[in-house]
Amino acid sequence: MGADNSTASADATTGDDALLAVDEVVKAFGGLVAVDGASFDVERESITGLIGPNGAGKSTLFNCITGVHGPESGSVRLNGDEIQGLSPTEVARCGVGRTFQTPKTFRGMTVRENLAFAATNQTGERALGPLLQSGTVRSEEHEVQTRVDETLEFLELDHLADDYGSALSGGQRKLLELGRVLMMDPEIILLDEPVAGVNPSLTDDLLRRLEELNDHGRTILFIEHDMDIVMQHCDRVVVMHNGTTLASGAPDIVQNDERVVEAYLGGYA
Amino acid sequence: MGLDTFLQAVVSGLIEGSVIAVGAVGLTLSYGVTRFINFAYGEFLTYGAYLTVFLAGGLFGVSLPLPAAAVVATVVVGALGVAVSRTFFEPISDRGALPLLITSIGVSFILRNLLQGWVGVDARQLPIPLLRRQDYFGLFRLTHLELGVIAASVVTMLTIHLLLQRTMLGKRMRATSGNRSLAKTAGIDTTSVIRQTWFLSAAAGALAGVLYAVLFSPFRPGVGFEYLIVIFAATLLGGIGRPYGAMLGAFCIGLAMNFGSTYLSANYTRAYAFLILVGVLLLKPEGIRGGEF
Amino acid sequence: MSETESDIETLRRFDDAMFSARGVETGYGDLQVLYGVDIDIQDDEIVLVFGPNGAGKSTLMRALFKQLPLWNGTIEIGGEDCSNLESNQMVTHGVAYVPQTSNVFPNLTVAENLDIGGIHADDVGRRHEMFELFPRLAERQSQAAATLSGGERQMLAMARALMPDPDVLLIDEPSAGLAPQLIEQTFEHVDQIRQAGTAVLMVEQNVTAALDVTDRAYVLDMGENRFEADADTIRNAQRVRDLYLGQ
Amino acid sequence: MEVDRRAFLRRTGGAATVTAIAGCTGDGDGDDDGDGGGGDNTTTGGDDSSLTIGVLLPFSGNYGWVGANVLPVVNMVVDEINEQGGIDGRQVSVVQGDTEASPDAAVSATDRLVNVENVDGVIGPTSITMSAVIDTLIENEVPVITPTAGTTSLDDRGGDYVFRTVSSDSLGGRAIAKAARDQQYNSLEDYERMALMVGNKEVFQSFKEPVRSSLKEFGGTVTTALDIRTGKASYSSEVQQMMESDPEICVLIASVEDSVKITEAGYQASYEGNWFVTQDQTNQDFLSQSENQVTNDVLGLNAAAYQSAQSAGRLDEFFEAITDYAGWDKGAKIFATNTYDAMNVMGLAMKQVAASSGDLTGPNVADAISTVATPPEETVTAYTAGASAIESGSDVDYEGLVGPINFDENGDIVAPFSIKIAQDGEWTEAGRLPPEAL
Amino acid sequence: MALLTGWAAFVVGVATIACIYGLLTLGLNVHYGYTGLLNFGHVAFFAAGAYAAAILTMPPPSTVTNASYTVGFNLPMPWGFPVSLAAATLVGGALAALIGATSIRLGTHYLAIATFALAGVFSDVLVNEAWLTNGSFGMNSVPKPGQAALGPDRWQLAYLAFSLLSLLAVYLLVERVLDAPFGRLLKGVRESEDAAKMLGKNTTLVKLKSFVIGGMIAGFAGGVYAHYIGSVVTAQFVPQVTFTVWAAMLLGGAASNTGAVVGAVLVMTFEESTRFITTVYDWMQATLPDALSGLLPAIFGPLPNNPSFIPSMRFVIVGLLFVLVVRYRAEGLLGDPAEIEALGEEEGSE
């Protein structure tokens, strides 16, 4: 796949500073090879877009990175440490936060509870915590709630704080899921189509927030179809097609790569 | 305990497996298209057995010969299955599997206790003569009735096999099981297919009840519910929703129960079925997930 | 996503269309996806629906086939109002549908898949016509559909839908996940289907290849009709390219 | 109005059940006509003036058959009492207390009978729930006669308030061992090697130790003692195991339905030895559910169908009466005779207290229970005769269907046992075992 | 004479048992209401607790008629009582841990069947291992703490008070624990295990904890039960208990602790009140005017003539309760509809 990667101008320079390094990952379901030797890096503090036509294997690759699927082969490294083979829980604890294409909102919990759930290292999450260390639990919970308030404000969901997850629209659920990931305070945020189904005004909001987060030093990798968005907001773009990474690099370079155009439009123009 | 004992355990296992198989196939058929585990299924066994006793025993003013009584009972219980589905399950069919599952527990309470309230808790049995086991090849011993049960079970399996493979109804059922929404897309009236499956499922349950009654009389109104877990075990072992797996699972469970009884302790007969079931669930928590046929 | 070019902004209405949907609105739960979409299909034409992801294309197909309830709007087939049919009844009204995924019965053999498709077929011999159209399926007829390759599945899905000899076939992304050489073949099949007398409405991302066989196309965006035009017009429209590559 | 009320009471067995009503509207018309006038002289008012008998037994669940067997017999005797004008001019009514064969249900059923219904006597309970309720019954001074609880755990807890008209399993077990060992009691042979198959419910387990220890005492050998799980589908493995120990006779202590399955399995497996069953199976139920070729020569233990009872035809009379009354399809159901005796003793004891102008309090009735059944007074065999005897001033000694019903200090009956042998679907007496022989 | 007479005595008894069922329902509610675990073997934890209490406090076998059990620790009563209850709680929790360790990873339906089956296995053990449990005889001399000192009636009242306090204490404890982030953790796992995993939560461990807590509560209920009835027999611990508790929880409202208690009280009240159907019938028959006296027999006459008719109809109604609550009021009386909406659904079933 070296040939593929060579087209991506930035690759050579990112190797050292890669926060997430995906190398030759293969995942098959029965006879169907969904991811077929995908390799790319995500630079620290970058916004990277993962694009490609339907069925290219983008979501499957996300699942491989986050431990949902055990890939057949290949490696996934975070900060140089192998995270392939860890369970989703462990991957998350390593600092990888992700959202789903269809948000998995806690529908029977309020927006506030959804967010508070995601805070890490809560003493109150131990069964005996509330009984034996009620002081600690209270003060931690106070802190968590403060962060929840901040997150709500940041996502402009404050007016929905006490609504149930089931009452939210699709776009609001996407936001909420992003909020949950933020509460986790991960090193890298993986977003699966964060704006699909979100109405346009919210979309702009959401993207603005992603950039804001990035400005504060967060690394973001997201799957997106909307080329406009990818071009405007990404530092780097990775293109997947038929389970492999076709190209990666700066948006304008990728955009004009003939093979990308062909993959994307099936030879259009 | 020599070879005799071993062979006898095998034979007993196969006989009981035959009964379980009929029950398990019925359960798995309905799971295949409805996608919930029906805790009321055991009542179909009970109703099948009781109805046969009543029909053969002249309770309704007629005394049918036993085979005829069994056939009538099977058909009537099949119809009961459709009625149960329409009354209790269809109205909430869009609510996911869990409400259906919980409802089925309620339905099993209702059916079982209605029967018990109506006919009492007296033990009943089929009017069949008692037979001594015949020696076969000097290896194992069987009664004609036991042979008959095995035969009936095999015929039932074969019938269900042919039905599923050769008839349009069977194909419709399999299609509905394989992909309900696509089945509708292909123009299948899935609602009616589901009802037909309920009929078959309940009828198979009733037949299993009759076979059970033939072998294991006398019985009381709790019989089906108590045997249900054994049928569950067979169904899950074979992969829920898969009729052929259910047949195989049934024989495994039948053998396990009888080997356990013979060589370990007869007091834990039911437990062997349970433990095998749980063991399989543990080893393959995902693998046995159903299941279309 | 601003104003549209004048040559393709018209949304023509075909009053004699044999399949005609007007003002289709639907969605999932509380979430509205389509906001009044119009689609017409005339005899013997191939109509393409495309647009960016999330535009509501697949949702439109499901709505047209009554897999989703219509919140608003009507569907007429041959002048008959079919807005209130169940999806299984659409088949008897001459409409067939090939979903994008899970479009074969994996547990049934190829032949049985076709039998299921033929439930409402008058002509039992039609299975052979399908085998002529898709010789590959004839070779595989006693295999379970689950064992087929992606391309073969797509053929089977189409063949199954064609069994009742529908007047119009709705296909959702026939080329999704197929190898490039198969994509071309797929569109050839679509063309053959039209030649055999079945109009086709397809959703496709592989726009260029699809346009080669298409007569007319609708562009959908954000759950609304954006453009409608003949294939040639679309092919040359810079706007379409922009919509995809975002310049 | 009064007539209707009485007819209703009679049909339902007093304040009994809706269920009983139903049955008798169907087949009880004949009885109704006969007694319209008979009831006119009695007034039945509120609860103050009626006596209540609680039937504390399982009516639902797997043991529901116990209640089903007992209740009609109680009702029949109560009818008889009421036809005689009740006790001290007070009608007797019957209240069901469903124990569901579960202790917690038994506790609330007992609380209800004792405290809400203020029952004057209790028929029941079974062995399973005895422990949970016996204290409450004794504390509230309720006279209890149980026709069903042979459990050895009651051996040292009876007396005063709790009596039983079923012999203690410890005595029964001893009798089985003795009868099996000695040909003079069983008419077949002196069995030496004996296997035990015991259901794993208290009612059966209660026999196990007595049989085992007595057999050793009488010089026999226990080849194997198998606990068997009740309610199983098939017992072929267990029977196989039993046969491997090669016994001459197998003592089978299990429910009728399990016994049917087990003896059948033995037959099918060509078991050569014999069976010995307990009171629970020595009845028509067992024989009519089995084929004759299976049950022929099976030995059964029974409380001696008290010779006089049998020779005087009282047993047959009773079976006929109860078959007719309850609409049963067969006469002798388990516990039917025990219940008949229990209820007659209860009725006579109350009558006795009333006649001696005592208050019908628990202690008085309980005292009377042992006296009305103890010789050497005038022997009576049914309530009606006993009641007139008492009214005419004599003391009575009730002699029952299961035995002479003489209670010892623990409230147990000491009765001769009868060893039955099954022949062609009938039980016939093979020998008789007097208590002294034990 | 007696302090408790008439209705009061009956009500005291029923109320005590209702408290015990209230405890059981609270335990099940942790499993199902909060965590979405389909536990169909609840009765096993109840039994484990009851037997633990019995084994600890039974007199030595040598002093009991026909004892088959070989261990009876005969803990002396005043201080033995709390020890016994603590042991019951622990044993209930331990059994839950054991069953949970094997089955908790299973999806909802499979968990339902596995728990149902394992409870069956456990009941077989109780029946067959007579050396420990005294087999089907049961443990019939479990001491009733304080009864000797207080006398039966006072003791009844005192034990009711104790049961009520226990219920209240467990209720408050459960509320406290579940109101904290731990409850939020359970609910999140209930709503979407996948999402919880992605947020770094060890969902298997969480489910196991939930299972153990519910098991401990049921075990505690078993201890309270054993010392109340004084007799622990296998016939008590049948699947029907599990389903009665389910009925109580569904009726009261899953995921509502108040609902659990209310549900238990209602179901017990209903079950016990059916004991009086015949009394009501008599009363009606006696008070109806002459002209109508044939009415009731005419209505009820065609009903079957067997004594188990009414008791059976009781469970028909319990069954109907399941059906109707699920269909028309899934959130029960006090549950929150928004919370129940997705309860217990398999992941990715949409």
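Going in written order, the chains are labelled A, B, C, D and E, and every chain counts its residues from 1.
Assume contacts are C-beta pairs under 8 Å (C-beta built on N, C-alpha and C of every residue); 3 or more make two chains touch, one makes a residue touch a chain.
Keep in mind that what you see is a predicted model, and the values were worked out from it rather than measured.
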{"item": "Those chains which touch chain B and also touch chain A", "value": "C, E"}
{"item": "Centroid comparison with chain B (C-alpha atoms), farthest chain", "value": "A"}
{"item": "Chain pair with more C-beta contacts, A-C versus B-E", "value": "B-E"}
{"item": "Approximate Å spacing (C-alpha centroids) for the pair chain A, chain C", "value": "33"}
{"item": "Centre-to-centre distance between chain E and chain A (centres being mean Cα positions), rounded to whole Å", "value": "45"}
{"item": "Chain C: positions in contact with at least two other chains", "value": "none"}
{"item": "Residue numbers of chain B (touch at least two other chains)", "value": "116, 120-121, 267, 270"}
{"item": "Chains that touch, pairwise", "value": "A-C, A-E, B-C, B-D, B-E, D-E"}
{"item": "Chain E contact footprint on chain B (complex, rising order)", "value": "36-37, 88, 91-92, 96-99, 101-103, 105-114, 116-121, 229, 232-233, 236, 265, 267-268, 270-271, 273-275, 277-278, 281-282, 285, 289"}
{"item": "Residue ranges of chain B in contact with chain D within the complex", "value": "1, 5, 8-9, 12, 16, 116, 120-123, 125, 129-133, 141, 143, 212, 215-220, 222, 226-227, 258, 261-262, 266-267, 269-270"}
{"item": "Chain A residues within the chain C interface of the complex", "value": "31-32, 53-55, 169-170, 193, 196-197, 200, 225-232, 242, 255, 261, 264-269"}
{"item": "List of chain C residues in touch with chain B within their complex", "value": "65, 67, 86-92, 97, 99, 102-108, 112, 115-117, 119-120, 160-161, 164"}
{"item": "Touching residues on chain E, where the partner in the complex is chain B", "value": "38, 102-103, 105-110, 112-114, 116-118, 120-121, 124, 127-128, 243, 246, 250, 304, 306-316, 318-323, 326-327, 330, 343-346, 349"}
